[in-house]
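Order as written gives the chain letters A, B and C; numbering starts at 1 within each chain.
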């Protein structure tokens, strides 16, 4: 199975987009029953994280605290006015590794997978690849 | 080989638990000689990291600085009083990928694997899956 | 194929070293056409991240903001005068997972892979292992 590509569209500068069902579908499509899946963000002003799937205020707090730590109007030398987005991308990370069992990602009860937009709105993609275990 | 589950018990709100020997045992049990292992934390108020195995003050400093950056009593909208734990979880990350050689994780001389509790004390689990190389 | 080891040499205390071409060569050498690659940093005062390959000021801003958040002369209890480097290592992370297609890492147009030195100058290594997909 080749790499699966998800097409996403962010609607604001900073946004978390729940991609759990899309990742589940890509893993199911791979036909792999047990193994490892990598979810990879091919952008340098976005990232991917795992967070609570229930109360959306958790993600509000995550985005707000990240912006307190790495403000949009900080003392940056890069002239593109998006250094904060690059720095947040490295803090959150561009990829996550998942365990696959029974054709599904192993996730805790409260976990969902989020694409983190830090410099939207933009068209974005997310890449997924599954490798089988023994 | 199925996914291995480690049962852990944290004893304070913020704690780093050395799981290196448990991860080593799970990798050995998989029977895989060479490949990749994913260590996955199925909780949204905890994480997993690699840090120094020698001076425990390094982990004291890590926990303290994380709490300076993301204070427990910060200006959060989530009412569960644990937004700091969620944010720290996304900063540290829910999974790490290890290289396996000779049935063992490839780790530097000073490296150990730590489960990071940010909202304990709780019963926790950690998941481990190994996939073989060519 | 065994794990590939890259030998690196940092020249200052804090530095980002572009290792993209070295990682590409290691993946090509593995002979794996499609699968997953893990790039692992076996040090606790360094890390590995993916960032923009174009304007070097992005990495200047990343390093500077990390040092604002985790200052070298912070209130640390560890006596080795490098607690900031350990903490940055856990924030950036010790490993990244890449997707491999056609014998190459799947990277966005603007992405490069950087070894992040936080306590140099030192001789360092970086480990790479590729596992094939179905």
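Note that a residue touches a chain if its C-beta (ideal position, glycine included) is under 8 Å from a C-beta of that chain, and two chains touch if they have at least 3 such contacts.
In this text, all values refer to a predicted model and were calculated from it rather than measured experimentally.
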Shared interface numbering between subunit C and subunit A [over half = same, under half = different]: different
Turning angle required so that subunit A lies on subunit B, C-alpha fit (0 to 180°, nearest 5): 120
Centroid distance [mean C-alpha coordinates] between subunit C and subunit A, Å: 19
Residues within subunit A bordering two or more other chains: 36, 69, 91, 93, 96-97, 131-132
Contact footprint of subunit C on subunit A as seen in their complex: 1-3, 30-32, 36, 38, 40, 42-44, 69-70, 74-80, 83, 86-87, 89-91, 93-97, 127-132
Residue ranges of subunit C touching subunit A (in the complex, touch as defined): 34-36, 49-52, 55, 57-58, 60-62, 64-66, 69, 91-93, 96-101, 106-108, 110-111, 131-134
